[in-house]
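By letter and in written order, the chains are A, B and C; residue numbering begins at 1 in each of them.
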Amino acid sequence: MESKKRQRASYAAALAAVTALLLTACGSSSTGAANNGGGSAGAFPTSGTGEVHIYNWTDYIDPDQITAFTKETGIKVVLDTFDSNETALAKLQSGATGYDVVFPSDYMVKQMIELKLLQKIDVTTFPNGGGLKTTMQGVYWDPKREYSAPWMYGTTGIACNTKAEPKCANIKSWHDWFTVGLPKMDSLKDQTEVVSAALRATGVAAADLCTTDKSKYSAAADLLKGFKPAVIDSDSGIERVIAGTSNVRMAWNGSTHRMTEKVPSVEYIYPSEGLNLWADNMVVPVGAPDLDNAKIFINWMMDPKNAAAESNFTGYDNGIVGSDAFMNASMKSDPAVVVPADKMALISPTPACDQAARDLYTQVFTTWLGEQ
Amino acid sequence: MSSTIAIAPKRRRLVNLRNFRGFRFISWSVLAFLYLPLLHVVIYSFNSSRIATIWESFSTRWYVKTLHNTDIQRALKNSLQVAFVATIFSTLFAVLAALGLVRMKRAGKTISWALIGAPLIIAEIVLAVGTLAFFIAAGIPLGKPGMMIAHTAFCIPFALLPINARLSQLEAAPFEAAADLGANEAQILRRITIPLLAPAIVAGALLAFAISIDDFITSFFIAGPGSTTLPVYIFGMIRSTVTPEVDAISTLLLLFSGIVLISSYVLNRRRR
Amino acid sequence: MTVAQTEKAKTKLKIEGRPGQTSPWLASPTVIFLFAVIGIPLAITVIYSLLDRAKIGMGVVWTFNPKAYKDLFVIENLDGTTGLDTRYLKVMWNSFKYSGITTIVTIVLSIPIAMWIATRAESKRNILVAAVTLPFWISILIRTYGLRQIIDDNGPIGWIMHKVGDANYHIIYTPIATVIGLIYVFLPFMILPIYASAERFDFRYAEAAYDLGAKRWTVFRRIVIPAIRPGIYAGIALVFIPALGSFLQSDMLGGGKTNMIANVIALNFGQARNWPFGCALSVFLILITLLFVWIIRKLGARTGTEVKLI
């Protein structure tokens, strides 16, 4: 019990450090005890009927949890999946009014709010709404958490199978990553991740990743010119690493954790120029057919026990206070999941750029794809 | 043939073209090439390993998982619903087009054929994103009704293929006889044309069904809430974690296609 | 698409006047429906390609701007200069190259198999034709996935290559894999029309030529090939055109690198969020497709073959 407490304390301390980086708006200082069931509990719907339509990333929700949710609430879950934030945006913008809960990332939530695609749900008034980690309050995309509840969050770094490819252990930075030229090396097909990593590798500071200075992008494009991975894809590649067809890859920390569970020699590398921290969310789009069911679903997922179960499935940490008590020990001891203290300074939020910068990202990214 | 035998001694060798060197080998290799990947899918659907490419041991665990997966059941239901509606309407439209276009004047005919043939020659992705843009502009919600409309459109040329072929083979005699006996157009249509076309209509409907149920690209772009079809679902699985579950679903789908094919074959035989 | 000899087309004209056929108005529901669901989306594609992209999110803004077409060929470099943009030319060239190789390889493979099938006894022939047709009924997604598993480093081909001693075997996620995928998927579309021509061919002509002293190869080149030429043209139309616009093979087998035109269109309707540009590429692909249909028709007309849609 004592050791568990200590573990939790160090965990919380690590998180507090992330806070400083995540907060761009003035965060509220509420510490938020989990499950406080506050004042609005009476008005909050508790059990529903019918269905809740959720729209999530592929392989990003535990099927057993869905069964459990239906058993507890009587609400059936209809799941559709997407492979990029942009796909989700396209569906919502096209007036697809049938999703109750969607799972976009930070910067995408901001855009969806600007485009008036989301409903105000005031997550902090939910029975479990008081249980948000401080890191997940006052976030730049939704400072008051009016539109979005936290789901998983994680970083994008490098996964390296040190046994199958010992040379990848020498990768210390994004610059190494782009220039090392090892076989069986895979990249994510993600414009923001690839280009921001290249910008970092050519000396752009984390705070400056949305620059519109073209010379910076020119340098990044030059670096990418020689970068020819074996595969460029949007999938997590867990099976490919286990099968041995991929040994080094740009990877999310959670999928790296899932690789490590099967292949212990897989390590997660924190590149020295820094890495992106992203946070996914649960939002309710305008025109959702069943607002009550959506709220029940989101609140249920914000229960520490359920949030922990999702973390155990996905390999990512979540934004709910008290969930770490229910998390697998392997999660808490994995430096991919729990950021080591000396790596904390490397982490900064995924850049949320305006159209001008994003066009430059697109240009660098498509040029690189065209050179393959 | 007897004369062939008579002059045989003068020939260097008898019946040569059937035995072009290597043709048999190439043919069997090509057939193996066509079927080995499918065989691999079927075999590896019984793989106990989590890794789809590495054989571990025999197991039916992925079938158990597939059959208990409610998302797959829903995707199958969606696929069947869309394919069913698209088959009925595309076959109906195809029959109307086949009957009507035969006597249409030249200009209208060219445009009509161009529209009907468009899904055959224009890349599917072009029509898919065009349809997406159209649905958004017209305020048609993404989802099953829209998918049924789009599937109907690109199934029409396939449904039309056998119907049109049959129509051009019809003999004039029964029609002339009917007309001589005083039958009007509607009677001829109902009593002669449609019965004569029936096998082709069934064949066209089956083609349309096969095209619709296998469609991925269009469905991917215009799917809406709760309308994920089986191919779209499988694509998502291939994108994320490739377990032998993909092989298991695929094998079930192969089995399904097989049943449809065999029943159509049996149906055809009975009719004869 | 099918191919009919001109003679057959003539008999069809006779049928046109046949009693019992119905009013042309019967076709109008189909034509109207297709105009709405095919015609309008194509028109929208053309219109959107000439508009501005939306500032945020997806879609277009209704102001005229031909920039999307300029962007196909002109690059505004990061250093402020402009120049010829080779990125999309390369994508187009890739699409042509892969489709062209696919067409040639499928022709070379299809002629022997089509002739071989055509010269079998009828019962065997029916089974073989069914075997070639069957893949048509199976999802392209599943077939491409099956092929991916076969050519994977850990797959059976990889296993054989390692046994044979090629430790460096690796073709999955390369352009070669994309082309193999295209050949695999489109091969039946080449075999069937060539077979249809070969089946009609009277092999006694070839035997006669042979008797008159022609060499095997000469018989093949001068008599057999011209006879199955209509089938080859139809096969080219059925293979080259869809291969040019294919999406799945380069996506699943090319490792996300060997971008063909369809992949770039999809990218612009997704991550790159540039609908006008995606539409401009679509328009380009439509024009190229129509050009090829026209060329194949011309080729067919020269040899007395009518290549028609449907």
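Keep in mind that, in the parts below, contacts are C-beta pairs under 8 Å (C-beta built on N, C-alpha and C of every residue); 3 or more make two chains touch, one makes a residue touch a chain.
For clarity, every value in this text was computed on a predicted model and none was experimentally measured.
Ranked by C-beta contact pairs, the top interface belongs to chains B-C. The chain with its CA mean position farthest from that of chain C is A. Inter-chain centre distance (chain B to chain C, centres taken as mean C-alpha positions): 17 Å. Between the Cα centres of chain A and chain C there is a gap of 40 Å. Taken residue by residue, chain C touches two or more other chains at 59, 152, 154, 269, whereas all remaining positions touch fewer.
Looking at chain A, one finds that residues 90, 93-94, 233-234, 243, 245 touch two or more other chains.
For chain B, residues that reach two or more other chains under the stated contact definition are 51-54, 132, 136. Contacts from chain C toward chain B in the complex involve residues 1-2, 12, 15-16, 18-31, 33-35, 37-42, 44-45, 48, 59, 109, 112-113, 115-117, 119, 128, 131-132, 134-143, 145-147, 149-150, 152, 154-156, 184, 187-188, 191, 203, 206-207, 210-211, 216, 219-220, 224, 237, 241-242, 244-248, 252, 261-262, 265-266, 269, 275, 278-279, 282, 285-286, 289-290, 293, 309-310. Within the complex, the chain C residues that touch chain A are 55-59, 77-80, 86-88, 90-91, 152-154, 172-173, 255-259, 264, 267, 269-274.
Chain B meets chain C in the complex at residues 7, 10-12, 15-18, 20, 22-24, 26-27, 30-31, 33-38, 40-41, 44, 51-54, 93-94, 96-97, 99-105, 108, 111-127, 129-134, 136-137, 149-150, 152-153, 156-157, 160-161, 164-165, 168, 170, 172, 174-176, 178-179, 185, 188-189, 192-193, 210, 213-214, 216-217, 221, 231, 234-235, 238, 246-247, 250, 253-254, 257, 260-261.
Residues of chain A that touch chain C in their complex: 84, 86-87, 89-90, 93-94, 111, 114-115, 189-191, 214-215, 217-218, 221, 230-234, 243-245, 355, 358, 360, 362-367, 369-370, 372. Of all residues in chain B, those touching chain A in their complex are 50-54, 69, 71, 74, 132, 135-136, 139, 141-143, 223-228, 236-237, 239-243.
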